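In the two assemblies presented below, subunit A is common to both, partnered first by subunit B and then by subunit C.
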Partner chain A sequence: MTIPYNTLVVAAGVAAVGFAAGVVGSLGVLRKRALAGDAAAHATLAGVAAAFLVSGRRDLPVLLAGGLVSALLSLGGLVLIRRFTKTRDDAATAIVLGVSFGIGIALLSGITARGIPGGGGLEQFLLGHTAALTAADAALLAGISLAALAAVWLGLKEATLVAFDPAFAAASGWPVPLIDYCLVALVAVMVVVGLPAAGAVLVTALVVIPPVAARLWTDRVGAMLLLSGCIGLIAALAGVAASGLVPRLATGPMIVLAAAAIFLVSLLFAPRRGWLARRLGPRIPLTFE
Partner chain B sequence: MAGEAGHGGPHTVEFHDVTVAYGRRPVLWNIDLAIDAPGLFAIIGPNGAGKSTLLKAALGLVPLAGGTVRFFGQPLAEVRGRIGYVPQRETVDWDFPVSVMDVVLMGTYPRLGWFRRPGPGERECARACLGRVGLSDVAERQIGRLSGGQQQRVFLARALAQQADVYFLDEPLAGVDARSQEQIFRVLSELRAEGRLVVVVHHDLRTAAEWFDGVALVDMRLVASGPTASVLTGDNLRRTYAGPLDVLDEIGLAVEQARRTR
Partner chain C sequence: MEPTPFEWSPMHGWAIATAAMVSAGCAVVGTLLVVRRMSLLGDAISHAVLPGIAVAVLAGGRPGGPLVLLGAVAAALVTVGLTQVLRSGGGLAEDSSAGVVFTTLFAAGVVLITAAASRIDLDPSCVLYGILELVPFDTVRVAGFDLPRAFVTAALVFAAILLGCVLTWKEQLFAAFDGEAARAAGMPVTATTIGLLAATALATVASFEAVGAILVVAMLVVPAATAELLSRRLHRMMLLAVLIAVACAAIGYLAAWHWNTSAAGMIAVVLGAAYVLAAVAAPQDGLVARLAARAALGWRVTAEDCLASLWREEEAVRHGAASGGFGGWRLRQRAALARMSWAGKVLWTADGWRLTDSGRTEAETVVRSHRLWEAWLGHHVKLPLDHLHPPAEWIEHHLGADVRARIEAEVGGRDTDPHGRLIPPEQTP
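So, the complex of A and B:
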């Protein structure tokens, strides 16, 4: 059996997305912004649907730009709620996630109910459907992913410092809020780029599960980023493969399941931090306290 | 210690009428305090007295509701690079995937500026700082696999790597083993001998009396400040800690005795 050229290009593009999502997601997880990323992911749907309604076409760049705008708006809303109300962080995140996702679903079902031409394929952004991607789409996704990786490489020192000790970073003169905004915006970009592969509901799996699994295997930020990228890549490819083999199968769930399987294996078998190592190995405490 | 600088120049650190509020609740009222290098200076007071807030106000980590803080007569922004900071140990996640060396290198980041990575020079500096706090042999260890005292010394080494002239330490001796305590205090004394100013938020009155040159007693307001012996009196302590506690009298007496025997 030969694999069509288009499928190969799509697979390569989605692999790049999976890798970059794992790398960027690691910084998000280390800065404890996993939930904010999830809110941004759910918010993308409203922007995608709105972009479709405004442009009347299903051009991937346009739809993704719309998704990025609504993701950033939701994160801005989160910042405002935190600053001007006494709402707790988790509650604020849940509110933003629910409201923005509700708007997205309302727009989407409106488009479907009215039978607007071309609107039928939009649910691929809900659960992911890589089989619908063209080679050009995949190239775009890969290009943005590489740019995100370059940004991480550039700002890794600053991001690590702020993630580890924001008070010390601020006291030694670093603009912590600015670095935070850049970091969260980068997560939002990767969430948007991951949409076609994993969908708004499940794309967080690409930016959260691989970092948490990778953390179990290593004690170094650099190694964690690389490993997390590889896990994201494998999960993304598993999704593409399943989607290629079974027509009409949503990719997102397959990606999540693959990532979750790797996470489970890591939980059980990672050296030192894994269940087995802690059960059988010398009882070295993870911390002294 | 506190008071006019000998040569009449600007004070090393000067709080002028500083007021800080969290929301609408003021935590520090009208603090006027001047401290000069060299010296070991303690900020002492009961829980919730605003000791840490005073440090954070100096470092620009909390907004001032009123007043000013100046270093060498200049605003903080002009002299950031000359000021080092040791936050409370509990403020960070010690499970973070970085090594001891990585953390100490963070002290060199302001000199590096945006995007530049630490090079051999910075590593050399970090190694020297680790040596000073006696942690050379755990440089490559993940920071969670250290004792509390060692973690505190990592933070101190990071501050040393800042190569500052003024150091602010927030409870550096809390929950620290005897060996670490001794090592930390030895390094702080060295800093003083090098002509620097070390300002420490401290909780233990007994050690304060024997270790520090100057003290500020804080309980939302400044109760008293100046040379340790003249500030740590039973009277001042009662005013700070509200209530005639025997232990306070005892410490006041001990300080007085120490002063007489000097």
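So, the complex of A and C:
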């Protein structure tokens, strides 16, 4: 059995996305911003559909740029709600998530109902479908993922400091809100890049499940980032393979289920923090920080 | 976009009625979720009911039937239970554990539905955003009438939610605003919370066919958050949330029809517009009202400062200083003075601004507040003399007559401030 060149390139690109999402997501989870990307993820759909309407073509770079714009707009909306209304954070997130997804669905259905050529394929951004990606698309995704990894490498010290002791960071003169914005923006970028593989509804899992699983294995930030990246990579590859074997199956759910399986194994068998280790060994304090 | 011609038919009436009924149920539950800061749990549940529904349908349940309702409630409770287990057993943060659980369950649901697509009439995209437009064509016979099945389910669920809410109102209110005190008072807080979660699952599954899994979040949270900006009483907030939800459902459906797009999507968009409108224009908590209140306070402070300055100038002249030492009014102060001259508190003369009698009365009240506060600070806090002025300058605008009387009694009825200046007597307007 030979695998076509295109499939291999796509698999490599999606693997890079999975790795970078795991690494970036680790910082988000450590900073307790696990669901910050969820509102942005649901908002990407509106940007993708709007970009298609404006450009009239289904080029991945254009669509992703649209998705990034709407993701950042939704985060801006979140900041505005926090700053100017008395609505609390949880409700603000739910409002931005629900309404921006509604805008996306309304645009998408409008495009489908009018039979605009090429519009039908946009639905793949809901649940992810890697079969439609070209080698050039995959190269783009991998390139952005590498850039995100470079950004993490540059800002790792600041992000770690803010994640573990924001009060100390602020007292030492670090611009904590700015670092937080950068972190959330980076998560938004990874959410957008993960879109073709995992889809708007489930792409959050790409930045949440691998970090949470990796955290169970180690107490070192560097090791957690690396491990989380590897888990993301394996899950992404498994998802691509599964949806390649069963064409009807969307990629997103398979990636999520693969990551969840790794999480379950970690929860049971991780040293010290795992269920088994805690049944057999000494009880250690269960703090996540 | 070409508008569709507007032709009314009973089918549209039924679709709107279904959307309104579904939204009303969500709004009641959502109000309690929002005031209890559990909005994200609503989000998680609305994703996680999917595998429950899928399994129930695979086991032979009809969409909207009792088995499916049961499956959804079970899935919701499993979600919350798993989230709790990961939090307490795995030491995870709440949003991390919720994020793991609901994405996994939703993915499992999608895979189940895709794998069994040939055997069940649920399609993944309908799961995501519903098919409100087709709801009227699937009817059941109730008491001699053909009613849409989704409407009947939604009406029953709404009635159940409303009944539960009315019967446990006291508990819900207590648990929402002071869970610790409610627990200490022996209220069944945990049972109340589980009831709320079950109601969320019911509202979600009743909405499922009409608006899909994800837009339920908007219907749960947005009407309640909008109503919260308009009212500060829980029962009024809930009533408003229901009204907003129903109105937005109808408007959203008509808008979707007009532009030929998804009704569920448009309902969420209209809800968002309603929220923005309330955030900007709500009478008490809206942005405009708050900015106006802040501006009004700012003007009052400026005006009172001007009056007090004029009064102090008069006092200085009484003590023999040269008149007219006060010319440099800033632009804002000039505007305030002009307004006050219109109200008859100050008068423009050849020597500059002068107080009228009514203006003098008001000025004496401000100066009295200021100097009483300085006296109090000097008496109780033992601040050095040059530290007394700034806090008094701030608080002089906020003291009422009773507070002044109490301060006067507390500093022993003295009539001078720590700088030795006379404290003007209380004015009776």
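Assorted remarks:
We take it that the second predicted complex is superposed on the first by the 282 of 289 C-alpha atoms of A that agree within 3 Å, B and C clash if a C-alpha of one lies under 4 Å from a C-alpha of the other, contacts with A are read in each partner's own complex, and residues count from 1 in each chain.
Note that in this section contacts are C-beta pairs under 8 Å (C-beta built on N, C-alpha and C of every residue); 3 or more make two chains touch, one makes a residue touch a chain.
No experiment lies behind these values; they were computed from the predicted model shown.
Of the two partner chains placed by the overlay, only subunit C lies in contact with A:G110; subunit B stays clear of it. In the superposition on chain A, A:R248 makes contact with subunit C only, while subunit B stays out of contact range. By the document's definition of touching, of the two partners only subunit C reaches A:V99; subunit B does not. Counting the residues of subunit A touched by each of subunit B and subunit C gives the higher count for C.
Shared contact residues on subunit A (touching subunit B in one structure, subunit C in the other): 286-288. By the touch rule above, subunit A contacts subunit B in their complex via residues 30, 154-155, 157-158, 160-161, 163-165, 167-168, 170-174, 215, 218-221, 223-224, 284, 286-289.
Of all the residues in subunit C, the ones that touch subunit A in their complex are 1, 34, 37-40, 42-43, 47, 86, 88-93, 95-100, 103-104, 106-108, 110-111, 114-115, 117, 124-125, 128-129, 214-215, 217-222, 224-225, 228-229, 256, 259-262, 264-269, 271-272, 275, 279, 285, 287.
Of all residues in subunit A, only 29, 32, 34-35, 38, 42, 81, 84-88, 90-95, 97-110, 113-114, 123, 126-127, 201-202, 204-205, 208-209, 211-212, 216, 248-250, 252-254, 256-257, 260, 263, 267, 273, 275, 286-288 touch subunit C in the complex they form.
Across the interface of their complex, subunit A is touched by residues 56, 59-61, 80-81, 83, 85, 87, 91-99, 102-103, 106-107, 109-110, 112, 114-118, 142, 144-148, 158, 162 of subunit B.
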